[in-house]
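Both complexes shown next keep subunit A, but they swap its partner, so subunit B is in the first and subunit C is in the second.
Up next, the complex of A and B:
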């Protein structure tokens, strides 16, 4: 175990998988001492030598016993592009695990409503996998995921499997009309508003662009689900990962330490402040 | 359960008085459609609206070179059809049942006549329908934001 949280551990890229035209999943395995186990929702600082380091959430099965991590990266800048171009055999640096998790354990006995938009499905995949692994502990497991178009869903094969899985209630919806698409067309809030939820026994997990999460949270609250029962993953400019540098400050929160998973009761007033 | 009791539990009718619910219910009938059924077609005169109870309906338009393109999918709890309410009283899109659908169908000729003769029914009913239209508009605006696009491509 690496005692210094600022010192990256060496991980070997074992597999790469192109998810969409701009997103890639890397499965990485320890090349030395493994990092402590990750909880769903936590993130790493992933380092590409000579380019830089960025915060990436863990998108793989949290119960992987081989110490491997799966992380899904979207090419949006220099570091993410370099990481997306990694090939099997490459070495990357990893720090973590950092931040709060989804705390799926505390949702036992509840219905789960998982709402993901775009690459927001990546940090939520471990929630669904975790719920499936301990399916009897939860009530309904509703998964609503949106994408711009059919080509931009992450984990398409797995989503197809989930859609056929009677243990899950899965809705895929796209924003832009597309030929040959047999799923739904509409914003994620539309299938969300159709859910017949029991407010007192529902815990919601949201991840995606911030406006999408706000709109989804408001749709859930309109159905009397308390803000404290709505959990979302926030994104700010994480740098140190341990609450020292302040780059990721959001009001009283340091998102790398106090987030990224925050309940909507905490987040709502902060997200309403322009440029905060 | 009578039609009025059924409507009383469903937005957008849940705030109407018992008398008005009974009036609205007198224009309503339970219907079902098989998958693939065309409920109405773009350009045709618009009569009727439906409160979907179960199943899905695709609203779409015929696009040259692209075939029938779905612009929105409606499901349980959604209102389908309001072109009957405003000129030119023609359907703007084609509605096709994607799955088997059950719905409450309203005779909009009678519903409009009721609303026009009794503003105490017509006004709250119009406001409720307006709520539905605003929600639909806000969802469409959310899609226009293209929130899932790559910031690099903007």
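Up next, the complex of A and C:
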């Protein structure tokens, strides 16, 4: 095990997969000692030699036993661009996994409502895969995912498979009408508001742009689902990943340590303040 | 276990420095440089700032001559011990074709800090609570912290920006020292009453020239330090600071302070507990060799909260709010204590003289005003 949290472990890029025009999934395998297994919701610090390091959530199957990690990166800056351009055989540095997880275990016996916006589906895929792997432990599994247009959905083939899977209730929605789109149009909050949920037995998992998560959480609370049953994945600037550098503060929280998964009871008053 | 108090002469203090140096410590203490009392490696007691004091106020720090030759009668300077325990710039690792190699700073000799006032002793403990504790401690910090030998100095002459008494950190040095000195100058001469806090401290005293301290001498030394509580230039309002700040996120005072704040980050650099860092990655021209360095960062920098698309805290008011709220409020949530020790450096070294105690007083007044208005409605 890599005991120094500041020192990256060498991983080899095994496969790359272009998800959308600006997003790529990398499957990476240890070139030396593997890092500890990740819990859904956790992130790693991914380093591209000579460019830099950023926090990226783990998007792969939590049951993968080969020590590989799958991470989905959206090209929004210098480091993410360099990572998106990785090719099989390239070496990347990885630290982690860090942070809190979605804690799917504690949701056993509940209905799951998974709400994702855009690239926010990446850290939620392990939740859906984890729930499918132990499907009998959960009640309904509702997946609502939105994108700007049909080409912006991550994991499109898998989503098509999920849509046909009777064990899941999947809704895909896009922001604007588009040619050849026969699904929903509108924000995720619309299909979410139509869900017949049982407040006491529902646990929600949200990831996407902050306003989308806030509106989704409010829509759930309007259906009497308690804030404590709504879990969000938050994002702030991360440098160390282990609570030492101070960058990722959101009020009392160090998002790398106390998050990224935080319940809405904690997050609600913090997200309501501008520039906190 | 308590150890008998002793008295050192100036020559004894010099012996203390040479003994610690002989034991392999890098002895760091106050010395005069560039019109300020800074912290640097000492070779003898002659390096100490004999006969100098400082005058401090908001945006003000001036040396002033003393009538006597006291060496520890000056309040906090621009530097703190953080400089040594948590260096401003430090290599984390280098990488080449064979992999990542941690920077090896374990070979450095340990530090002995001489002249640590109560506020700064509390600051060292506060830093240790952030960097040396938790699930992922900073190993480099922990190595330096564990090897530390601390000679505290009871503060008898606090400055104009000092408020440690109201933060509960001083003026009497709290636990964490090996030795605590109180400097005394009177008809009986220039001497240092020494109390040992650890066995290691007592052993060092046993090896240098000293005499036993009389009961009256010890009482007088302690009284001189305790009297400093009443001589501080400032006071933090005695309110629940964490609660006040959590309730003041939308206060109008942030806009007012932002009109003066230059967001220069001086307060965070001089603060003995501000621990934030960022990293700098570099690589050689061929791309085969790369390094990562860690250096101090400040929550006043625009980049500090950068996320794709922009910075979370782009306005000056949000950055000042972040700094003071973290220091006095959310530090409790994150690390179980306050991040402020009352040393006053942020007040003295703020180029526009923003005063952390005054800003809190403003928030208290605004809250009371708000409560009054609500009651009047």
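Note that in this section the second predicted complex is superposed on the first by the 276 of 276 C-alpha atoms of A that agree within 3 Å, B and C clash if a C-alpha of one lies under 4 Å from a C-alpha of the other, contacts with A are read in each partner's own complex, and residues count from 1 in each chain.
To be clear about the criterion, a contact is a pair of C-beta atoms (placed from the backbone, for glycine too) under 8 Å apart; a residue touches a chain by one contact, two chains touch by 3 or more.
If you're wondering where the values come from, they're calculated on a predicted model, not measured in any experiment.
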Clash or fit: how do subunit B and subunit C relate after the overlay on subunit A? fit
Once the shared chain is lined up, is A:215 touching subunit B (first), subunit C (second), both, or neither of them? first
Pick one for A:147: touches subunit B only (first), subunit C only (second), both, or neither. first
Have a look at where A:194 lands relative to subunit B and subunit C in the superposition and call it first, second, both or neither. first
In the overlaid three-chain picture, which partner chain does A:19 touch, first (subunit B) or second (subunit C), both, or neither? neither
Contact-wise, after the overlay, does A:252 reach subunit B, subunit C, both or neither (first, second, both, neither)? second
For A:76, using the defined touch cut-off, is the partner it touches subunit B, subunit C, both, or neither? Pick first, second, both or neither. both
Which partner does A:186 reach: the first (subunit B), the second (subunit C), both, or neither? first
For apex subunit A with the CA centres of subunit B and subunit C, the angle to the nearest 10 degrees sits at 120
Closest approach of subunit C to subunit B (Cα atoms, Å): 5
Output the subunit A positions appearing in both contact lists, the one against subunit B and the one against subunit C. 76-77
Quick one: in the complex, what on subunit B touches subunit A? 56, 58, 60, 66-67, 69-73, 75-78, 98, 135, 138-140, 142-143, 145-152
Contact set on subunit A toward subunit B in their complex: 22, 74-77, 117-119, 146-148, 152, 173, 175-179, 181-187, 189-191, 193-194, 208-209, 211-212, 215
Tell me, which parts of subunit A touch subunit C in their complex? 4-10, 32, 47, 49-53, 76-77, 80, 93, 235-237, 239-240, 242-247, 249, 251-254, 257, 273-276
Parts of subunit C lying in touch with subunit A, wherever the complex brings them together: 92-93, 95, 99-100, 102, 130-131, 134-136, 138-139, 246, 249-250, 275-279, 281-283, 287, 290, 292, 297, 299, 304-309, 312-315, 317-318, 322, 325-326, 329-330, 333-334
